[in-house]
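Right, one structure below, let's go through it.
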Amino acid sequence: MTVSATYDVLVIGGGHNGLTAAATLAKKGKSVCVIEKSEQLGGMAREVAHLLYNLHPKVVRELGLKGLADGKPLATVSLVEDGKHVEIAGDTVRFADGTTHPDAVAYVELTSRLKKFAALLGQLSSHSPPKLDGGLTSLATLGELAGLAKLGLNLKLLGKKDMNEFLRVILTNAYDLVLDEMPDGPLAGALCADAVRGNYVGPRSPGTVFNLMYRLGQGGEAYLPKGGMEAVVCAFESAARTAGAEVRTGQGVKRILVEDDKATGVELEDGTHIAARTVMASTGPQAVMQMAGVEHFDVEAARRIRNTRCKGTVAKLSLVLKDAPSIVGLSREQMRSRFLIAPSAAVVERSFNPAKYNELPAAPVIEAVILTPSDPDLAAKGQHILSLNVQHIPHTPEGGWDEAKRQQVIDTVVAQLEVYMPGVSASIERADLLTPADIEELTGAPGGHWHHAEMGVDQILTVRPVNGLAHYGFAVQGLYLCGASAHPGGDVTGLPGRNSAIQLLKDGVLS
Amino acid sequence: MGQHDKFDAIIAGAGHNGLTTACYLAKAGLKVLVVEKNDWIGGASVSRSLHDGWTYSNCSYVCSLLRREIVRDLELPRFGLQVIPYEGGASFTPDGDYFAYYSDHDALRREMFRHSPADVDAYERFSQTVIRQCRFIRPFLLRNAPDPSSLRPRDLNELLFLLKKAHGLGARELGETLRFWTMSIGDFLDEHFESDLIKAHIAGAGIIGTGLGVYSPGTAYVLLHHYMGDVDGSIGAWGFARGGMGAIANALGACLEEAGGTIVTGSGVDEFLVKDGRITGVALENGDTYEAPIVASNMDVKRTFLEHTEEKHLPEDFTRAVKRFKIRGSSGKLNIALDALPEFPAAPKGAPFLRGDMHCSQSLNELERAYDDWKEGRWSQQPYFDMLIPSQIDPTMAPPGKHMMTVFVQYAPYDLEVNGIRSGENWNDETRKQFADCVFDKIEIAMPDIRKHVLHAEIRTPWDIENEVGLTEGNIFQGELTFDQLLFNRPVPGYSQYRTPIDGMYLVGSSAHPGGGVMAAPGANAAREILRNVGKGNLMPSHAA
Amino acid sequence: MNQLPTAVPIGVIPTPLQTRLEDLSTAKSWTNWAGFISPLVLDTVEFEYFAIRNQSTLFDISPMHKYRVTGPDALRVVNRMVTRDVSRMRDNRVGYALWCDEEGMVIDDGTVFRFSDSDFRICCQETMHSWILDTAWGFDVDIVDESHQVAGVSLQGPTTFSLLSDAGLTVAGALKPFDMAEVEPGLWISRTGFTGDLGYELWTSWDKIAELWDRLWAAGDHWGLRAIGYEALNICRIEAGFIAAGIDFQPVHTAMRLHRGRSPIELGFEKLVHFDKGHFNGRRALLKQKDAGPRHVLRKIDLAGFKPADGALLYYKKKKEVGHVTSGVWSPTTKRNIALAEFKAPYGYSITDDLWAEIYVFEEGVWDKRLVPVTFEDKPFFINDRSRATPPRPF
């Protein structure tokens, strides 16, 4: 056993949240070391995400990230079999051929209302969730309550009508909310697809309005950054390094060392001990518990942690095409869009049904984007990359994954694409599929879940990831959770990492 | 009846809530009229004799939720109401076994041990959580839901009461409460139990009457809604009303009569009469009109405002909100006259669990698939049902040696899909029979010879329930029990306190807080509001005040 | 169709000793103990009580819940569960222990039998199977619910060692208090009990317990052996100052109301909370409570007068209600009016004078209310050298 230098903070996992936490702490003059198991940094942001849409401005500002989400956002095109695709570009909604869409006004009204609500909720996202120790009226919580009271005040400022609407819809389902405003079709389908993205839900599941608001947290615009998600990860890495953090890759952590109920460092898989005054982990809660040792967690906490809902439902499919893809009814310019195959809310719900029984969907909801226009280096000359997020693929289908089932997923997706891109199957040079199980294997995300833990209303705020451990501090003194399973949750926001770092400083464990 | 054309208050609909409101108002000295479209009273709390010698509780069928404060205020036992607790329940399996829910605690533990040793203690933990949640929620049933967007002292008071209760929980329990209220019954049970059969047995209470599946978030609360009742203080216990559920309506009717109220049956409200934003009375379908400064509707919020009130009297926002109110039919019912008690090959003769609720659902996934069918407009191919034979306990329900069986079935759609078209009109004798056959096939798991004992079966679909009882889409709760339609959101935000946009007009049915089930709380709460508004709040009896 | 399932019995069921007890019971006074038929009184409470303090008595403890924890991580799991450090216990020792939930509230108390560092038995009043499974999650152990495999009798009283010798079990003489030994294949004796007197608990398999009973019975005549019920035992356990789950504290997992749990510190067992052994369930909450001070305190008290104070409310300066008696009896041996009582801190903790108990007495149709002064007792009410002497004096 070799012991190397003592750090103020060791960060396990070099995903974007780990890097954000490291950067935030290093900026405060703390000695920080990030340890990443794989050779490359970035975790889910690199392997799974293909668009950037929820990066938080505070993180951008504090880390000095530049040039990521300040280009022109991608339009969304919701594809439909009859060719009457719907194009959504900001608040402009029309048919892809430029003609007026009858539900454009309803769409804008609904989404601007939701964005307003999302902004309100967003106030809770850049702080630790409210602490309720000692009940609601004890002195200790007055400070915590101030944050809530501010939310309450802002609610009142919304006006009675909006406030009533906020309280009505906050826990409800996207399907009803959307179909109350417009008939079912590709526009409703697009909203419902965004409401279920990454989560183990269908649009009829209560709570999906919250998911939709979360998706719209920063206005909902999606960006294809120059250089792809690789560039995003590089920006986070450079922020961490510039701030003085050390970054080590290709080193897995075997266990977190705990002495006298305090985190004291880690042991790497090669047996090396690294001492530290605090340890942060951006992996899932169960992995952190097991690395630190279950014995340091109360029985109830361990039970809650292992009951965390984290069934991944998104598969990533990368298709390398030898011809430039085109979609019937779309212009060349429109091919630089985010495509959704979600022709109706009902279809989105049907896409989810089989996943509940660990079956493969016959018609999955798909989000697709062609990466090569903005990043030609990604593929060999003349080749094109179509990146697809395929929703509602179970983590492990009945009987387990095998080649036949993987091929079945690819075939199902390609058959769907063929409807809109006739001839696409003949153009495929290579197809790389990452199932949720692969994603878990590759990144350590629990269940291969996009958000490390389901973003259900029973798993957010003061109960994320679990009741009693929602304030980043993870049972053992000096041990912190800083990944997507912590408040406010998933997506490339940078917030869990940032908030966790701030909480660590506030708790005074380094002083 | 023409001699009284002017009343102090008119109640439209003689369901248990309408009658409850009427009783409280009449006891406070108001001259009260109840009008009812059917020739009988009770709404969905009825006993009907549809086969000679048999009594069917053909809508609601068991009693637990009826608030004891109301029973006491209105002296319902004196008017003939008796509730007899039943003795457990069971879920039967195709391989000839069963899980029996014994009321005897030791027997229940042994039975759980037989199925899954790890689940025995888990059940105690489950019960503790559920009972704690029931204890938390019950004080709110007979109170107004505060309007959080209001600054009126009363709303702030109610809000404070809620905060105090929440404060009393402490941080840990508050977190557990938030989770419980937002999670699915399926996830909740998965956190506690291992046995599929035990989970399926309990899960029914999380979906009964809703358009949700066992894995839909929010269904743990629905379970609470079914558990928060009691039979004589025993939380979660259920019983039969002797003589069928009509006994509740009849006792309320008798109470009302003694208090000097009037009931007119056989013609329903055609229109609520409004002048200058004030209610003036009702016009009946038969052309009669009655005047009153107070009119309360026991009909659901959609029926009341979209069908029987002129739109011009209502604010646009309100009408919009009422239109989007979710009130989905999801359940059907079989009421069956049996020539004898069927054989239960798996169960010992005379086993107590046969005198309770019986089911044949095997797993949460089976229940979830049943929901998937319904979403597509089909009845469940593997339906969930809640099946009881009350005549084993209550001899008034069937002739000696014969039996009456009630089977609540879920899911059955209101707008049945046939050849790609979804419509209630698709329910006809043929589809009804197919639906019943599907249910009988599954009942055979428990009672293989059931079909040969059937003398008569009334098959009720959501479509039929709407047409007969008047519940929109046949929804038994007058509106989904989802958070967007609970507490201050019920029935629509801003109108959660039994009032409506029309002066003097009130909503007293289950569309109002705290919602459905034969609880009578909306009726009592509405009466309290009405009396307070006419300056007679002091005349509300103390138990429900 | 498969064979019909066997229906489980409804109601209370017999232990293997029920046939013996049935014969001895003249009072026919039974209670439900964990689903089993258990005697409250077999004949007369007084005679049974005096037999415990002067002779030998047998009580069927088979209904106790018994869980076996075995495997490489057994020590870690038991130490994770209970507040005391079982690594400090030697093999073949029995230890009284309490265990807590995450908030430091007592789930139950009981005895931990340490056979070795990879083999323990936990013996307790409440059902604990799921809890031990939960505690053991992530550890390499096997958990077996032995409740219905291992049966036991409690042999208590000053003549019990003499009786055991006559029954061919002289080897028990070497046992110090809380020692245990397998004295014959399949027969374990522990020098434990719930009476504060000399006594032993004998453990064997469910199907051998009746045989053991008969063996003891045959040797018991000269030593005044009596079978007893719970009521006599209860007087002795209060005299000994032992607490009972569900009476002196509400096991927190069975509390339907919030905040009814009590911590080991509040129950007076801070010495059995070994904060220095590493994490155990509820440790962080208990540390906090140690700093903040207890909310309640359970104390042994002595009351004036002769009337048992069970259920009496306690007052400060005869006015302010500050607690209640959880267990109260007239102690026939010490001739004192004794009780266990819960006070709201700081009463009974830093304020110990001017405390009063309000005792209601019903005599021949008349209720009488008596306010009697309360004093504190730190030691057990009943103490006798014979309970600790090793080898025990023949008596």
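In order of appearance the chains are A, B and C, and numbering begins at 1 in each one.
Criterion: contacts are C-beta pairs under 8 Å (C-beta built on N, C-alpha and C of every residue); 3 or more make two chains touch, one makes a residue touch a chain.
None of these values were measured; they are calculated from a predicted model.
S.K.: Taking mean CA positions as centres, which chain lies farthest from subunit C?
M.R.: Of all the other chains, the one whose centre lies farthest from subunit C is A.
S.K.: Would you mind telling me which chain pair, A-C or A-B, is linked by more contacting C-beta pairs?
M.R.: Most C-beta pairs in contact, of the two: A-B.
S.K.: With centres defined as the mean C-alpha position, give me the subunit B-subunit C separation in Å.
M.R.: A distance of 47 Å separates the two centres.
S.K.: How many Å are there between the centre of subunit A and the centre of subunit C, using C-alpha atoms for each centre?
M.R.: It comes to 53 Å between the two C-alpha centres.
S.K.: Using CA atom averages as chain centres, what separation in Å is found between subunit A and subunit B?
M.R.: One centre to the other, that is 40 Å.
S.K.: I need the residues of subunit B touching at least two other chains; which ones are they?
M.R.: Subunit B, residues with two or more chain partners: 168-170, 172.
S.K.: Two-or-more-chain contact residues of subunit C, please, as numbers and ranges.
M.R.: 102, 131
S.K.: Which residues of subunit A are in contact with two or more other chains?
M.R.: Expected reply: 303, 468.
S.K.: In the complex of these two chains, what residues of subunit A are touching subunit B?
M.R.: 131-137, 155-156, 160-161, 163-165, 167-173, 176, 180, 204-207, 303, 307, 309, 349, 353, 356-357, 456-459, 462-463, 467-468, 470
S.K.: In the complex, go through subunit B and note every residue touching subunit A.
M.R.: Residue positions touching the partner: 148-150, 163, 166-172, 174-176, 178-179, 182-183, 187, 190-191, 212, 215-218, 317, 324, 326, 365, 368-369, 372, 375, 482-484, 488-489, 493-494.
S.K.: So in the complex, which bits of subunit C are touching subunit A?
M.R.: So the residues of subunit C in touch with subunit A come to 76, 80-81, 101-102, 131, 134-135, 137-139, 278-279, 281-284.
S.K.: Using the touch definition up top, name the residues of subunit B that touch subunit C in the complex.
M.R.: Going by the criterion above, the answer is residues 95-98, 100, 102, 104, 106-107, 109-111, 113-114, 117-118, 120-122, 124-125, 128, 131-132, 135, 168-170, 172-173, 345-348, 351-352.
S.K.: Can you name the residues of subunit A that touch subunit C in the complex?
M.R.: So the residues of subunit A in touch with subunit C come to 261, 290, 294-303, 306, 468, 475.
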